[in-house]
Each structure stands twice: as C-alpha cells, then as structure tokens.
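Shared chain: subunit A. Partners: subunit B in the first complex, subunit C in the second.
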Partner chain A sequence: MEISVTESGDVRILSFQGNLDTNTSPQAESEINGLIDAGSQQLLINFEKLDYISSAGLRILLATAKKLKASQGDLKICCLNETVQEVFDISGFATILSVSKTEEDALGAF
Partner chain B sequence: MIIRELSKPRLLWDGLILVLIIISCVMVPYQFAFNQSNALSGFQIIYLIDLFFIADIFLNCRTTFRRHGVEVSDRPSCTSHYARRLMIVDILGSLPLDLIAWILVGNGQVLGGSLVLALRLLRLLRIVRLFVILRRWEAFSWSNPGALRVVKFLVSILLLMHWLACIWFFSAFASGFPADSWATRAGIAESGPVAQYIRSIYWTITTMTTVGYGDITPARSVEYVLSAIIMLMGASLYAFIIGSVASLLSSMQAAKNSHWERIDSVTEFLRQRHVPAALDAKVRNYYEYVWEHDRGMDKNAMLNDLPGPLRLEILLHLASNILKTVPLFKNCSPVLRDELLTSLESRTFTPGSSIANEGEMGRSIYFIVEGGVEIISTETQKSWGTLGEGDYFGFLSMVLGERRTATTRAIGFCDLLILDKENFNRIKAEFPEFNDVLKHASAERTEQISELVMEGIIL
Partner chain C sequence: MTEKFTILAVDDTPENLDVVKGILSVDYIVKAATSGPMALKIAEKQPPDLILLDIMMPDMDGYEVCRRLKENELTRDVPVIFLTAMDQTTDEAQGFELGAADYMTKPVNPPILKARVATHLALKNSMDQLQSAFNIIQKHKERMQQELNVGRDIQMSMLPVEFPPYPDRKEFSIHALLEPAREVGGDFYDFFFISDDEICLVLGDVSGKGVPAALYMAVTKTMIKTQAADDSSPASIVTRVNEELSADNPACMFVTLFVAIVNVRSGELRFTNAGHNPPYVLRHDGKLDCLDQRHGPIIGAVEGVAFREDQIEIGEQDTLLLFTDGVTEAMDTANKLYSEARLEKLLEKSDNTPDQLTGAVLDAVEEFATGAEQADDITILAFRIEQATEKVRVDELHLVAAANLAEIERINAEFTAFAEERGFTAGIAQKVCIVFDDLLNNVISYGFNDDEEHKIDIDISVTSEQLVITVADDGMPFNPFDRVGPDISLSLEERDIGGLGVLLVTELMDQCSYQRRRDRNVVTLVMNLA
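Up next is the complex of A and B:
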C-alpha cells in the first residue's frame, strides 16, 4: 500500500495505491491522523489506484469524516473504482461521505 | 351487449335463477301431485318465474364462455356454443307449453292427471341449469368449494325426496284413491294437501333412510314397485350420504388435518430422539405460527408449483403490503420489482433463532418483511441494536467478501425475504439501476450502518 500526499491550496490530497485492508489500514490511519494533527482540515482522498477496500478501510474513512466534521474540517473522496463505488452505494456511505468522480470536481467542491 | 361469464352482475343473476329453479322444482311437482287445479294460488307465480327463465335464455346467448382456458367473447360464438349445449333443454323448461296446450285443447287428462299440469312438469328440466350454475361457481368464483359441495348435496337430496313424495302420493291420486291404496288406508284420501304432503314426505324419508316403521305400507302392485325402487334408491343413497358427508367433512378440514398430521409426526420424531421439552415446545410454537400466518401452507412449494407468470401474479398480490412498505421496492422499476420478487426466497424464523451467524462469510442479503432482528456479539452477548420491518442487512459482508462480526437473531417470529449472492450478482449485472435502488433504500439507515461499521460490526 502506497500513500502519496500532495497539496492544492489548503487541501491535502492523499492518493492511495493497492489495498486498504486490515493490514494496511493502520498505516493509512496514522498518515491521515498525522496530517490532521499537523493542522490540515481539508483532506481529499484519491482512490483512483485503490484496488480493494475492506471494512477496516471503511472504518478509517468514517472516523476521519467524523473527526474533521467535529473540527469544522472537510473530507472528500474521489475516483472510486467499481467495487469501492458499489460498497459506498449499497451501504449508503455515498450519501454521508462527499464523493466526486474526478479530483478536479472534488477540489472544486471544497 | 356481451355479459362476462364471471362478472358480478352475471353471478348475481345466476344466484336469482338458482333460487327460482329451486322454487320451480318444489312447486311444479307439488301442484301436479297434490293440487290438481289450474286455479291455484301458485298459478301466476309459475308464469312469472317463466319470464325470468325466458330472459335467462337471451342472457345465456350473450354470455361469454371459456375454451381452453381462454374467455370467448364474440357474440356468434357465444350463441352457437349455448345453442349446441343447453339451449333446447332451457327452451323446453322455460316456455309455457302448458298454457299453449290449455288454449288449444283445454284441460285434457294424462295418466289420470291434468294435461296442463303434466306439461308444466317440463319445468323440472331446469334442474340441469342448477348444476351448470353450481359447477360454474365451483370452478371459478366460489371462495369455499367445500361449503358449495354441501349446499349442492343437500339441495339434490331434498329435491329428490320431495319428488319421490310427490310420485308416491300421485300413485294413489291417479287411480282415484281405491280402498286398498296406501293413502286411503292411512286415512288421508279426504285430507287437505298439507296433511297429505306431510304423510307422503314422512313415508319417503322413513323408507329412504331405511328406518321403515311399517305404519304406511304398499298394498297394490304399483305401490310395491314404487316402494322397491325407492328402497333401492334409499339404500344406495344412504351409503352415498354417509360416504359423501365423511368425505365433505374431511375435505373441508383438509388443510387443518394435514397440518395436525405434520405436527404429530414431527412430535413423534422428536420424542423418539429424546429432544428436550423446551425445544419441542419451540417446534410446536413454530407450527402454530405457520398455521396462523399461512394456514399451514408451504408458500414456497405452492408457488414453485405454479407456472412463472401465474406465480408472479400471486407473488405481486401476496407482496402488495411489502411493495408499499419495504423501501427496496419503492424505487424499483416494475421489471426489476418482478425480477426481485421471483428471485427472493421467503423464510420464517422462530423467536431467538439465529438468522446469520458471526464468523460466516456473507452469502445473502436479508430483507425484513415482518418482525424484528437483534444484532448481537456471540461471545459477549452484547446487543448492537435492532432492525425492524423494511430494514435489510447482510450486504456488507457479502460485497466486501468478509466474515460477519456479529450474529443476527429474530426477536419474535420474523418473516424475511432472502436474496442469495448468485441472484444478487445476476440482478446487478442485468439491472444497473439496482445499485441506485439499494442506495435509496439504505439512505435512511446510513447513520446506523456507519456507527456499526465504526464499532467493527459487519453484517
């Protein structure tokens, strides 16, 4: 699992590559928490190169969204592949997490 | 104008005709045997009833019929179908031929009775129409065929007894009540028609039921012959009555009997295997629920027995409540709804029974139709909340390909619709809208689902 962080204005963009599962979610969690602790309030997670997400990955997304909401921040997600989109649709997470099709759309929504 | 065979007005008209047939079949032979006069009180009634039967002939020409299960509704076909079958019988039984004969030749005699009244007996042919109507009701429109068979049976027996009583009395009347006739010996030759009828029907019933007190006995050849025939009919009828009543009673309770038979055999099996009483009580409780809910019918087996389109029609009717209340169906197109209905399996869970177990791989989605479900951690027995009617669960473990991290248990009796993984994937591939439908259905519960996921609960 590789996570690269880039910036676009105030927004930190995390690009995930590989699988976000029980094994890799602690790494993702510490990366995200590190950014929030450093003062980043606007995060965009790009899933373009993500192959698979497990319940542990979903948990991190939900926890991050909750944490940022509490501190007036914002989490947006973009570029979901078919499987991940399906999980979001069926679980209804697509309605509580802000999901965009492209990175540009997501950035424009902040 | 074409009248549909099973339309409400036609069935109501049939009901009226049925009553008039019974009145005709009682009055006409009574008038012939007991009251040999044209100037009797029922005279006008008979002709009034004739008008209804003549109208019935015209209506029958315009009534649809079924050919190979398809309703034929063009008028020439309806008329020719009726003409080939019962039109002649209906015409003979409805036209006032007695009135025509009376106008033409006056009141002549036949077999010692009035010719006019003898011709009036042709109205007994209406009995054929009675069976046609009852058969139509039985086949298509009667909700309780057992009760209808009882009515048919009782009407047939009572009419037969009435007719035999009339024949028995007429045997004495036609020969002018000779001294050795049964009526003279019984002292009713000069009595009024009511007393005469009571004695006649009394003798018929005692003879037909094989009681035969012997207070009224035959003495003349014609009476012996009649008695012998009625005794033979009575003996056969007696056996028929006993057999039919037993069969009717058992067929009326067929569903309940088969339900009890099933419970008995299950109880016997459990007793033989020394199953604890508490478990035995649970099984009985389940059958009690199945009886109250579905009258003991195995819905899935019954539905699988029907051809596809008919099964779908029944499912749509049975599920009419679910279609309105379960969010899944609210946003479906009719095609997707039909596909889902035929793919879902209906199951009932008993109170406290596990529906989907912790540690299992998700292979189905469960939609709650009736009842409630509790989410429980098996080890700690901690409850993570409940799900109610209209909610669904089981999809996360199925879509994520993970094991369930909690068990779902039925709170009371719980009716669920289950969609297995194969059907889920097939429907998803065939109907891209299915994801949207699920998205809408889960929208109201997203908070609860996300809280469960945060707690590590995957169903």
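Up next is the complex of A and C:
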C-alpha cells in the first residue's frame, strides 16, 4: 500500500492507495504514529484511492482517534468509496469518527 | 395375638347344642341356632369361620341349609361339618356333593370333634392365605403388562409416523415402519432435515428389551438429532454420540447405528455404519448394491473411537433400504432364518415406491414366519430420489492457504482476478476481500496452538444467483459466530478494539453458518448475486 503525506497549514494529509487490511495496517500505524510523535495533532486521512478496509484497519483508525482526542488533537477522514462507507456504517464508525465527502469539506472543519 | 375363631352350631335339639358348646367354647366363640332359617340369618349377618350343621331338622333340613349357604357369596366359603345321629339313614355322598367339608356322627366324641374342627379351620385359613397371595400376584402381573405397554408407548411415540412427511418436497420420497415384537425391542428410526437440501436418515437397534431398551433408544435418538443440528458429517455425529453414551453406561446397553446424510438435490450420500447390518441400494436399473462398509464398533461400548464415513451417489429412482435384523433374522417354525439371501431376492424383483417396498418386505417376512412368534422388532426405512436435479452451471475456484498472515494477500489477489474475469462489480470483490481478511486473520492468529504446518481450504462456487464460499481449517473447534458482537452505539472513548472482524463478516455476507465436520471447522458464507 502506498501512503503519501502532504500538508495544508497545520493539518497533515495522509493519502492511502490500495487496501488497509491485516498486512498493510502495521505500515499505516507506524506512518501515523511517526507524524504524531513529530508533533502533528491534526490529521486528515484521504481514502479516495483506498479500495477497502478490514477490521484490522478500523482498529488503527480507532486507536488514532482516541489518542488524538486525548491530547486535544483531531482526526478526520474523507472521500470514502461505497464499500468503505458501508463498512463504516456497519461498524458504527460513521458516527464516532469525523467523516466528510471531500477533502475541502474536511479541511474546512478543522 | 390371633382372634378366636367363631363357630356356628345348628341343631333343633337344644341339649345337643349345649354339648357342642361345652366342648368348643374354651377355644372358640360358639354361636347357636335351633333352626335352619335362624342359622342362615346369623350366618349372613356375620359369617362364622365354621358351621356345625345337624341334618334332621323340621321345616328346613341340613341339606337345604347347606345348599343355601353355598349359594350365597357371603357364606359360600365357610366350611360346613354335618352332624348326624347314628340311627338315621343319611346320604353321606349327598352331603359332600352339596359342598360339606366333613361328616360326623352323634353323639360326638369330644377330642375327635375338636380335632376335626381344628383341621378344617386350619385348612380354611391356608386357603384364605393362598387366595391373598394369588391376588397380589395377579396385581403384579397386571402392573408388568402395563410396564410392557409403557415401554411400547415410549418407543412408538418417538417415531415419525406421518407419511408423506414432506409433501412439498418432490425431490424424494420416503417411508418407514416399525412392527414391534411383543416385548419392546429397542428398534428406532428417524429422519429430519439439517439444512435446506440435506436430510439425515437414522436407523438403530438397542440391545436388550423392555423399558430400559425403550429409554436408551429415546436417549440415543435425541442425542443424534441434537448433534446433527450443527454437524453435517455422519462420522462426526456418530463419534460424538458414542463418546457420550459409552462414558456413562453402567447397564452396558449398546446400540447398532446407521446414519446417512443425503443431499436431495445432488444425490450425494454420506454414511456411517456402527455395527449395524448393511443396507442396500436398489438402483433404477434393477442392480442391487450392498453398502457393506463398516466404520466402527457398536455404540456405547468403547470410548475414544473415531468413526469414519463413506460417500456414494444415488440418482433418480435409486432407492436406499435400511432395516434392522428383525428382518433378516426372523425365524419360521422350523427355526430357519429369513436371511439376506431371501431379502436380496425380493429386492431384485422390486420396482416399488418406498411405501410399497416397506410393506412388501414386512409382508414377506411375516408370511415366512407364520406360526412362529415374532422375536424382535422389525424396522424398515426406504428412501428414493425422485427427480433428477437441474444441472446448474457452477463456476468453481479452489484455493489452499498456508496458515500464515502473508497468505491473505495472495488469496485476495487470486479472488480479485477470478472476480474480474467474471465481471463482478468492484463492490463484490472488495467485500469478499474484507471477509477473507477478517476470517483468515482470525483462523491463522488464534486457531492453532502447535508448531505444525496447517492448511486452510477455501472453496468458491458461483451460480447465476449466488456466490458461495466455504473456509475449512483443521484448527481447534471454534465457531466465530458464537460470540456477542460489539456494541456499536458506544461513544469514541467507550468503544473497544475487539469484535469488529466477525461483525463485518456477518454484515457483508447474506448468510453465514458454521459447522464442525469431523475434525475441521467449516464456515460457509453466501452472497446473493441476483
């Protein structure tokens, strides 16, 4: 899976390309934690190029969201495809995480 | 402390009565009557234990009195001793014919009178005790007969007896009958669906007779049905039932068992024979096959036995015939057995529907055994596939994954290629990949606790309507759908990391089920495509 990181002000934007599952979650986790350890408190994860996410990926998102909330930071997610949206609905993550349709909407909400 | 016996002395001469009173009133209570009618009145009011009866009396003589005493139920059994004067012509024979117990002449010799009275009282006493004992035995005999009935009722009430049992299922027809022997013999049969298209057929014979056999039969039958609820392997079902029954079997009851699971659409028949006489398959072309494979010992005897199973195919108009040894070991009056040979001859000529077939076999056996008592229950079950199933075009893919997490990527890549070739939407491929990821992750991470190499078998089959995936592993028994799911209404802080994988699997697929087959966990998932 490819992860590219860009910036918009204080927000760090992670774009995932591929799948977020058992085998790729460790990579995502270390990338995200690297950013947080370096001081980033506002993260936007862009799923536009993500095909699907399994429970392993969901766990990374949940852990990250909890961590950032605890330190007054913020995690937002945007551009979910149909399958990923369905997974978010099933798991209840659509309610507990901040999800937007577009990157612009997400950035505007920080 | 026994009560004194009561003696009624009857004589029209009061002096004679005094004499008798004098002799007997020391040991007995003596009542007196001076005429026949008076005697009858006293006797009916309170029957004495013995009556001393004078013969020559005016109005009503002793014979008449005796006759009337014997006619009355209340006084019939009281022993009567006739007393007659020496100088009268009397007919001894007549007296005895009337039912008198004894005959004495007057004047009576006191010790002899006492002796005769004592003898007859003792005799009467013994008779009474014998009658009492007889009544008790009668009651017990009735109770035993009732017990036989109870056993019979237990046995018969547990059998499915309504035919046809599934009138809306045209793929097959089935019939069964059980002709019980006089004493409950412990035979049973059963059939029930374990899934839409799979029916379980059971036939068994419990050793022993009577209520214990009937109860053991009830236990065995129930156990089989319970195990089959989430197990579609006959070998596995029989193995688990045997473990349970042989673990606690102080009465040493055993059961021979035949269990088959038939897919009524494909005709696939898997069966396990535990010590039971081999059944037959009567093919549509008249050929007779004997399923003589044995898969283990009689049930209930030994723990720790792993039963095996075999698989055959039955097609349109093929009939499976199950039966107990009440058929083949039925005996005629010359003690010859009906035998497999006769049965085979009968079947080879047969072209009958299941209900005709069971009736024909029973008739043949009964005719053979005419005159001899039926020693054992006769049980017969016939099952025939009626319609050829539509051969549905099925596309299949079989994958084998080693038990390490890196394999998940390869499996998903292979499935994605398979899906693209068949023009599945991206959504379907993505969902299946999520399901594979979560399911296989679970199995690989938690299913094995040794250092051996394990393999996971994945079968994918596609029809125009459905995508069916089975994932089979030989790990520890585990039903992933057994757990309570996570509470998705909790807030971010409250949410727990665990439990999401199974939730995604059950929600993304349309049907999920788990079975333990022999030594494997088998998860079956269905996604509707239509």
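Miscellaneous remarks
In this text, the second predicted complex is superposed on the first by the 110 of 110 C-alpha atoms of A that agree within 3 Å, B and C clash if a C-alpha of one lies under 4 Å from a C-alpha of the other, contacts with A are read in each partner's own complex, and residues count from 1 in each chain.
Here, a contact is a pair of C-beta atoms (placed from the backbone, for glycine too) under 8 Å apart; a residue touches a chain by one contact, two chains touch by 3 or more.
Quick caveat: nothing in here was measured; it's all calculated off a predicted structure.
In the model built by aligning both structures on subunit A, subunit B clashes with subunit C.
Shared-chain residue A:Ala63: touches subunit B and subunit C both. When the two complexes are overlaid, the chain among subunit B and subunit C that reaches more residues of subunit A is C. In the overlay built on the shared chain, the residue A:Ala109 is in contact with neither subunit B nor subunit C.
In the superposition on chain A, A:Ser54 makes contact with both subunit B and subunit C. The interface of subunit A with subunit B overlaps its interface with subunit C at residues 53-55, 58-59, 62-63, 66, 83, 86-87, 90-92, 96. Looking at the complex, you find that subunit C touches subunit A at residues 405-406, 408-409, 412, 426-427, 430-431, 433-434, 437-438, 440-441, 488-493, 495, 497, 500-501, 503-504, 507-508. Of all residues in subunit B, only 395-396, 399-400, 402, 405, 435-436, 438-439, 442-443, 445-447, 449-450, 453-454, 456, 458 touch subunit A in the complex they form. The part of subunit A that touches subunit C in the complex is made up of residues 19, 21-23, 51-56, 58-59, 62-63, 65-66, 69, 82-83, 86-87, 90-92, 96-97. Interface residues of subunit A, counted against subunit B in their complex, comprise 53-55, 58-59, 62-63, 66, 83, 86-87, 89-96.
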